[in-house]
Structure formats: structure tokens, C-alpha cells
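Quick heads-up: structures coming right below.
Look at the two complexes coming up: chain A is in both, with chain B in one and chain C in the other.
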Partner chain A sequence: MGILQIIIVLAVLVLLVKPVGSYVYHVYSNEPNKTDRIYGWFERFIYMLIGLKHRNGMTWKKYALSFLLTNIILVAVGYLILRLQKYLPFNPSGIDNMEETLSFNTIVSFMTNTNLQHYSGESGVSYFTQMAVMTMMMFTSAATGFAIAIAFVRGITSRGETIGNFFEDFVKSHTRILLPAAVIVTLVLVALQVPQTLDPTLTVTTLEGATQSITMGPIAALESIKHLGTNGGGFFGANSAHPFENPSPLTNVIEILSMWVLPASLPYVYGRFAKNRKQGWVVFSAMMTLFLLFLSLIYFSELRGNPAINALGVDASQGSMEGKEVRFGIPQSALFSAVTTAATTGTVNNMHDTLTPLGGLGTLGEMMLNTVFGGKGVGLVNMLMYAILGVFLCGLMVGRTPEFLGRKIEPREMKLIAVAILAHPFIILVPTAIAFLTDLGQGSITNPGAHGISQVLYEYTSSAANNGSGFEGLADNTPFWNITTGLVMMLGRYISIIAMLAVAGSLVRKQWVPETVGTFRTDNKLFYGILIGAVLIIGALTFLPAIVLGPIAEHLKLG
Partner chain B sequence: MNKAASLPGSTGASYAAIALRASIVFIILCGIIYPLVCTGIAQAIMPHNANGSIIKDSAGNAVGSELIGQTFADPKYFQGRVSSIEYNGAGSGSNNYAPSNPDMLQRTKDSIEAWKKDNPDVPIDRLPVALITNSGSGLDPHITPDSAEVQIPRISKLTGLSADQLQQLVDKHTESRDLGVFGEPRVNVLKLNLDLQPLLK
Partner chain C sequence: MLDLYMVLLLAVTFAVFYGFMAWCDRVVEDTGGDRK
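Up next is the complex of A and B:
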């Protein structure tokens, strides 16, 4: 039953890729289509409100400037709300203003689509903040990521000077994808018992006569966009393990599909833009292959259980249940963990800190590669970056100029790609090393031994990959962690995005090289193998030493 | 194909103005209107669910939420999973113990010792691991069906209720997998104990 339920979810996902991908393609292709009649009037109203008079294409520099300006302004406004929430409405529990470094961390975290949470939702933010900052940024950061992925795809698949209009893409991401989907998923979740209320905490007298306080709030509305936007920031500290956020296996499946279907359909969207759907399916297959490797690692490690507990003589046949919920068991927990770190959502339905060493390695590995589906857009962009790298490597081997989608790949593009590829391990491993050199970092470790290394490594990997989940035992609400992870999240998001927009800007202006018999094809099985190879070799070479010190050492010690 | 935007006004300053106005529009649309509209619809058509699935006893008093577990200290009741936060619904979470953490191992050993003392009739090789591990949320409302069954001998001895009667209660409250396939079979401890309570008097 365990494997069967996983296969059913995978099958539903694969069936959704084409219809959802086609819809997304039509949203951004900017060709007239049926949905204009439904959304057109509303979009024109928004364009008027924001003063967008003409929707001409932008060069990559203007596109980057527009998205950066929008993000900076949202960060500024959000920061002010966090610092002033005490004086704002919808604060029935009387929650105080947030401290400076925590506010910095929180606002960067939400703007970069990371949703690393060093605060606790129950006690750290008011309902107004949950709505006007958290929920709002879950939309806007996802829309930003979506827009950029599409702009990148336009850059590598079309010809001219421009890669689209950021503001138009940004508005359409909301009106045609995120808002309608979020409303539907919200109502489905409420139907399945997720609360959505503005009432304050409820106090009841339990069956045994004790008093129990139960915190609720506008949860469902946050829950839907949390997954659709691959954000992952929970309403509660326990995130999607909390029974109010995720009350049943059915809501669990809906949350998994919500966070997965948009990233998974982007390769198909890319295939449509490239006028060669096989290109898209090759990328999708490579992603799915890597995903299945990691999922199997997590599932079988958790099913095998914790040797230390198994040795105590209890009935441990269910697997490692520490930090997991009974309603999900091992299969729904393992699948959720694999998807949340693949789609860089960062929502968790079980505590990743309590995963068996190899299960934890599975989640860590997906974030280190950062290409297995990936968050809103970023995963596809990263995978295409590896595709170009793969073409380049093959070109070197046979001694001819590498081409990708009919364009020559030259030093300028390769330099930018090298920057983007190297930035990721750099901003993970360097801060991890720094954390171990200082008491400020070491003092926060709560699990002794090799697992302590994993805790720190996970924190920075999650920040750099803009995932946001954590080995949450880490006592990370200190100025040291708030500031360092805040910086890592910013670098993790913006370096690669700007570098890849520059690549798109450079490719879009190139002459197309006619396809000949000698052209290296990027839509066949050989390229599928090269793509997986490039990702695994680069990822393994970079991170293996760190992994050996953390999860692998812990695994060997546990036996 | 794509033409560059060279119209007047496409400068950094005008982009900043659009960005500012867009930020305000989306804060209001996504941050205020969207959640309030969702709250309105949810409250109008599904008030029970939207307000936390509160359970009332026969006298009509709220005794808890069916989704949130409770502490049952009295051994006459079925007990839930380990919760480091004592099922405090104003918080959530766990100790986040790593599988190699000695404190976690000690806690588990203590749970096993306590089990041996309270349940001498059930050997520990029948004690399901789910019952002595901390849930992720600390609020897990469920236990596995076998976690409920192994508690029957103890409750039967303390209350004088027959094992058959208790088994029937457990069976009645055993929920199967969602749609027959997703998740795990489970027993809601609060609902089960709510049915057990009148029999204790």
C-alpha cells in the first residue's frame, strides 16, 4: 500500500503536466486566446492602477531592473509592517513588534521565496502580518520567480532584443495562475477541515478537566498559496505537520500536488516555447529520474527505521516514527519530504531533523543540486543552465563549437553560467565553515555529534536553495543566524537570477545557426543521460566532503 | 520579432513608480482582499470546518478540536503519542531529536519502562513504535489501531469493562485510509475517549 499510494500521486502529477503546462504556456505566450475574455478586463484594470501604459518588451537589463525595484519596494513595506505590527489592526492576541535582525531575516526570507522561519507563527506575528506580509509575499515572490523563468525561456528560444515585459508577466502570474488556483485550493482545504477564521485563540476544558488553548486563524488561505507558490512558510511552527494545516492524508496529497504541479509543468512550457516538445520532456525526464532516486533513498531509509530504537525490542515494523504524524505514516511523509525539497518549497509534514541520517541526506541532496523540479521557475532555469553546460562539455570533447537551440555558446555565456553554478556551493560551504569557527554558530547546535554538522549544513543549504525548511532543532533566532542566513538567501536568489537573465539577454541577440546532420541534438536519450551526468558529477564533486562529515558519518555510527 | 522598448518614459524612474504602485496594489489584493474574501466564503458555507472542527460533549460544552490531540494522564483512558509540548494547542512542534540523540534514546527507554509497569500483560515486543515516539506537531490527534488495541488489557483491568466492549469501541473509531489508499489507518484518541467516558461512570 505504501508504494502504491506514492505511484498514484506520481501518476496524477504526470497526467497534469500537459494540461497545466499548456495553460501556463498560453498565459505567457502573449498570443490572443480564450482566457483573455475571462481575465482581460481585470488585468487592464490593474495595468491602469499601477500606471503601466504600454507593455513593450524589455531588454534583459530593464527586465532585471524592474524586478529588482519591485522586490526592493515590497521588502521595504513588509519590513515596516513587521516592525510596527503592534500598532496595526487584526492583532487579537496583542503580539509585539518584531526585533530588527529577525525582521530582516523574515522579510528577505519571504521575498526570496525561501520562507525560512526563525520566528514562530503562533506567537511572533499578528493576523494582519500573516496576511499583508506573509500571504502577500507568497504571491509576489512566486510571481517574480515565474516571470523570470518565462523571460529566460523566451530569451533562449526567440530572436530579437527583448525578453518580455516584467510588469505584464508579474500581473498575469497573479491574475491567471496564482489567485484563481489559490482560491480554489483554499476552499477545498476548508472543506477538508483546515480552519479559516479571524477569531482569537480558543480556550476549552478538556475531557480530563484541564484547560487547553487552541490557536487558529486564517490558515487555509495561507496554506494554499504556501504550496502553489512553493513558499513553504507555515502558519504554525510545526508547519504542515500541524493538524490544522494538514488534517488528513487527502489534504497531504492536495498539498503535494499543489506545490509540485507548476514546477513540474515548466519543462513542458519550455518545450512549447522552443517549438520542440521533446526538449521539454527530456528535461522533465531528467528531473523525474533524479527525483525518484532521492525519493527511494528517503522512503527506504525511513521504512528501515532508526537502528538505535529498533534495538530496544519494541514493535518497530512501522519505521522511524519520531517526528512524524500517524495519519501520514512513512509513505506520505517520505513523499512530502522528497517533494518539498525538490520543489524548494520548504513546507514540512514531518520534522526533517528527526529523519534517519540517509533520509536526511535525501532532502539535503535535492537542495544541494537545486535542479530537481525546483521552486517557481528557478529549478527549470538551473536545469537549463546544466543543459548548456552539458552541451559545452560535449562540444569540448569532440572539438567543435557548442550550440544550444541553434545558438552558439560562447565565453560570455559560459562565464555567467560558471558564476551561477559556483555561487551555490560557495554560499553554502563558506558560511557553514564560518559557523563552526565561531561560538555564535556552534552554540546553536542542539544535537550532538555528526548530526550537529548536518544541522548547520542543512540551514545554509536550505537558505541558498531558497527552500526554507530546517533541521529545526537548531536554535537559530539569534542575530548571527538571522543575518548570515538572510545574506545567503539574498545571494542565493539574486546572483543566479541576474546571471541567467544576462545569459538570456545574450542568447536572444545571436544569429541562429542552421541545423545540420552534425548538430548535437538536445532532445534525445543521449542528452538525457548527459544532463543527469552533469548534474550529479558537479553536485557530487562539490558537496561530497561535507556530506561525509555529516549524514554519512552519523549513519555509520548508528549502524 | 521582439522590438526594444525605446518609447519615451521607459526610464528607471518610471519603472520605480510602476513598481511602487504595483506593490501597493498587490499588498491590498493578495494581502487583504484575498484572505478576507476566502474567510467570508469559508465562514458562510463551512462554518464548522472554518472554525477548527470543535467537538462538544453531550452537555454542549466545547471539549476540544477533533484535529488537536489532548493529554490523557488517567490510565483509564486511551493515551496518545509522546508530546514534548504536552499537547499545548497554543504552540506546536517537538524537540527535534536526531536519531542519534542520547536524550531521545533515554526518553524512549523511560517510556518503555513506564509501559512495562502500567501494562504488565502486554509484552514490549507488541508495543508499537508510534506510541513511544514524539509526533512532529506535538498535537497528533491519532494513534495507530494497534496502539489502541495494546491498551485494551490495561483499561479493561482498571475499569472492569470487558475487552470485547473496548475492542468494539476501537473498531468503531478506526478510520481507514483516505479513499481507501492514502495515508494510514488511524484512531482519533479524543473521539474514542469521549465515547469511553460515559461507560466509566
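Up next is the complex of A and C:
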């Protein structure tokens, strides 16, 4: 029955990939289509407001600069709101201004699509902040990721000097994808009992006669974009484990699909742009294969239960239910954990700190690879980065100049790809080592031994992958953790995006190389295997020593 | 005062990204290989 639940959700996802992918392709292909009539007038109004008279294509550098400047302005406005929220409207609970280093961490976190929350939603931010900073940035960070992915795909599949117009892509991501989808999902969630109100906190009398404060607010609106934008920052500290955010197994499935369907449809979009849909399906199949490997690891580890608890005579028939919601059980908890770390959303419906060691390894592994569907847009870019690397390695083996989609892959592209690939483990492992070496880092570890290593490793991996979930036993709301994870989030977001836009800018100008019988094909089963191999060999081996010290050592100690 | 440090940290980090962008541009424009 548990596996059947998972299979049904997987089947629905696969059925949605093609129609959603086709829609997304038409949004960005700039070919006239039916959606122009619905959204065109609204977009023209926005272009007029922002003074965008000519939507000319941009070189990669102008595109990257536009993206960077937009982010800087959003960060500045958001930081100000966090520091002044006490004086701003919609603050019925009188919540104070956010502390400086926490404001730095929070604004970086939401701008980079991470949503690593070192504060608790119900007590740390006002309604105005929830709407004007958190919800707004959930749209803008997701739209940015979409724009980057499409620009990269244009760069590797088209010819010319330009890779699109950032502002046009950014606006279209909002008007044609995120806003309409968020309205639909919000209304569905409201119909399924998720609250949406501006009323202040409720004070009620419990059955025992005590008084209790129940936080309410505009939850459904935040909940929809939280998942659609692979953001993950919850209205409540307990995130999607809270019954107001995720009241039933049905809302759980809706939340899983809403965070998964857009990243999963992007490989199909890539296939449409490449005018060879098999290219897209090869990438999708590689992502799905890796996902099923990690899902199996999490599901069966949790189903087996915790041997230490089982030895105490506790009924283990339900699996390891520590930290999980009874209404979801093992199947919907394991699937949620696998999807939230694959799509790097970071929303949680169970506490990852209480996953079994191998279950925790499954969630860690997906974030370390950062290519198993991945976050909004950037997951596809990361996977295509490995695809180019795979082609390059095969070219070296057969002594032939590597080509990808009809372009020669030269040292300049490989230099940029090497930087992007190596940056990820570097910004995870170096800060992890620093945290272990300093009192400031060690002081927050609440579990001695192997699990303490996992806690720190998870925090920086989640930050670097722009995921945002955590092993919440780590006492991370301190200046040390706020600043170091803030910097890791920024490096994890911007280094790979800038490097990959540069690759797109380099490839878009190259002449096409005609396909011959000797051309290495990238749309068949052989390349599917090579792609998975490249991800596992390069990505997984880099982290092997660290995960041996953390989750694997913990698993072996459990017996 | 801490606000100033945080804003400075953000400014320096974004400046580093701009520098990285310039380095990427140099790599892309590198004439070591042909443009074919």
C-alpha cells in the first residue's frame, strides 16, 4: 500500500511533464501563441512601468549583470523591511525588528531561493514581512532561476550573440507561470482547509481550561508559492508538518507535485528548444533514475526503523516514526523528503534530524549532487553541465574533439564548468571543517559523535544547494552560523549561475559542426548511462570521505 | 554599527561576483582557440 501511494504520485508527475513542459516552452520560445492574448496586455503594462521599451536580446554578460543588479536591489529593500518591521503595518502581534546578522542571513536566504530559516515564522516576522519579503522573494527568486535556465538552454541550442532578455524572461516567469499557478494552488489549498486570513493570533481556552495562542495568517498564499517556486520557507517553524500548512494526505500530494512538476518539466523544455525531444527525455530519465535510487534508500531505511529503538521492544511495525506525522506515515514522509531535497525546495513534512542515518544520507546525497531535478531552473543547468562534462570525457577517451549539440567543446568552456563543479564541494567542505575547528561552530552541535558531523555537513550542504532544510538539532541562530551560511548560500547561487551563463555565451557564438557518423550522440541509452556515471563519479566521490564520517559511521554504530 | 558591517558584507560579496563575472568574460574571450 505504501509503495502504491508513491507509484501513483510518480505516475501523475510523469503524465504532467509533457503538457506542462509544452506550456513552459511556448512561454519562452518568443513564438506567437495563444497565451499572448491572455497575458500580453498585462506584460506590456509592466514593461511600460519599468521603462523597458525595447526587449532586445542580451549578451551573456549583460544578462548576468541585469540579474545581479535586480538581486542587489531586492536584497537592499528586503533587508530594510526586516530591520524596520516593528514600525511597519500588519504587525498585530507587535513583533520586534529582526537582529542584524539574522536579517543578513534571512534576506540572502530568500533571495537565493534557499529559505534557510534561522528564525521561527510565527514569532520572528510580522504579516507584512511574510507578504512583502518572504512571499515576494519566493516569486522573484524562482523567476530568476527560470530565466537563467532558459537563457542557458537558448545559449546551447541557438546561434547568434544573445541569449534572450533577462527582464522579459523575468516578467514572463511571473505573469505566465508562477502567478497563475500560485492562484490556482492557493484556492485549492483554501478549499482543503489551509487558513488564509489577516486576523491576529487567536487566543482560545483548551479543554483543560488553559489559554493558548494559535497563530493564523495568510498561510495558503505563502504555501502555494513556497512549493511552486521550490522555495521551502514555511509560515510556521514546523513547516509542512504543521496542520495549518499541510492538513491532510491530499494536501501533501498537492504540495509534492507543485514543487516537483516545474523542475521535472524543464528537461522536456530543453528537448523542445534543441529540436530533439529525445535529448530532453535522456536528461529526464537520468534525473528520475538518480531520484529513485535516493527515494529507495530513504523509504526502506525509514521502513526498517531504528534498530536501537526496536531493541527496546517498541512496536516497529510502522517503521521509524520518530519526528514524523501519523497522518502521513512512512510512504508520504519519505517521498516528501526525497522530493524536497531533489528539487532543493527545503520544505519538510517530517523532521530530517530524526531520519535514520541512511535516510538522512539519502536527503544529503541529493543536495550534494544538486542535479536530481534540482531547484527551479538551476537543477537543469547543473545536469547539462554534467552532460557537457560527460561529452568531454568521452571525447578524450576516443581522441576526438568533443561536440555537444553541434558545437565544439573547448578548454574555455571546460575551465568554466570545472569552476562551477568544484565550487559546490569547496563551499560545503571548507566551512564544515572551519565549524569543527572553532568554538563558535562546535558550540552549536547538540549531538556528539557522528550525528554531530552530519548536522554540520547538512547545514552547509543545504545552504550551498540552496535547499534550506536542516537538521534542526543544530542551534544555528548565532552570528557565526548566520554569517557563514549566508555567505555559502550566496556562493552556491551566484558562482555556478555566472559561470554557466558564460558557457552559454561562449557556445551561442560558435559555428555549428555538421553531424557525421562519428559524432558522439547525446540522445541515446549510452549517453543516459554516461550522464549518470559522470554525476555519481564526480559528484558522489567528492563527498565520500565526509559522508563516511557522518551518516555511514552513525549507521554502523547503530548495528 | 552591526548594520553597517552586514551591508558592507553584502556589498563586498556582490563586488566579488562582479569580479568573477569579469574573469569569466576573459575566459570566454580568450583567443587561445579558434571561434569555429
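Convention: the second predicted complex is superposed on the first by the 559 of 559 C-alpha atoms of A that agree within 3 Å, B and C clash if a C-alpha of one lies under 4 Å from a C-alpha of the other, contacts with A are read in each partner's own complex, and residues count from 1 in each chain.
The criterion applied here is as follows: a contact is a pair of C-beta atoms (placed from the backbone, for glycine too) under 8 Å apart; a residue touches a chain by one contact, two chains touch by 3 or more.
For clarity, every value in this text was computed on a predicted model and none was experimentally measured.
J.: One more residue to check, A:Leu65. First (chain B), second (chain C), both or neither?
T.: both
J.: Which chain, chain B or chain C, is in touch with more residues of chain A?
T.: Comparing chain B with chain C, the partner touching more chain A residues is B.
J.: Check the residue A:Tyr79 against both partner chains and state whether it touches chain B (first), chain C (second), both, or neither.
T.: Touch partner of A:Tyr79: chain C, not chain B.
J.: So in the superposed three-chain picture, is A:Val517 touching just chain B, just chain C, both, or none of them (first/second/both/neither)?
T.: neither
J.: Just checking: does A:Val190 make contact with chain B only, chain C only, both, or neither of them? Give me first, second, both or neither.
T.: first
J.: With the two complexes superposed on chain A, say which partner A:Ala499 touches: chain B (first), chain C (second), both, or neither.
T.: In the superposition, A:Ala499 contacts chain C only.
J.: So, does A:Val398 touch the first partner chain B, the second partner chain C, both, or neither?
T.: After superposition on chain A, A:Val398 lies in contact with neither partner.
J.: One more residue to check, A:Asn56. First (chain B), second (chain C), both or neither?
T.: The first partner, chain B, only.
J.: Following superposition on chain A, which residues of chain A contact chain B and also contact chain C?
T.: Common to the two interfaces on chain A: residues 65, 72.
J.: In their shared complex, at which residues does chain A touch chain C?
T.: 60-61, 64-65, 68, 72, 75, 79, 83, 100-101, 103-104, 108, 408, 410-412, 415-416, 483, 486-487, 490, 494-495, 498-499, 501-502, 505-506, 509-511
J.: For a test of understanding, state which residues of chain C touch chain A in their complex under the given definition.
T.: 2-3, 5-7, 9-10, 13-14, 17-18, 20-21, 24-25, 27-28, 30, 32-33, 35-36
J.: List the residues on chain B that touch chain A in their complex, please.
T.: 1-5, 7, 9-10, 12, 15-27, 29-32, 34-39, 41-43, 46, 49-54, 57, 61-65, 67-74, 77, 81, 87-102, 104-105, 108-109, 112, 124-130, 132-144, 146-147, 177-179, 181-184, 186, 190, 193-194, 197
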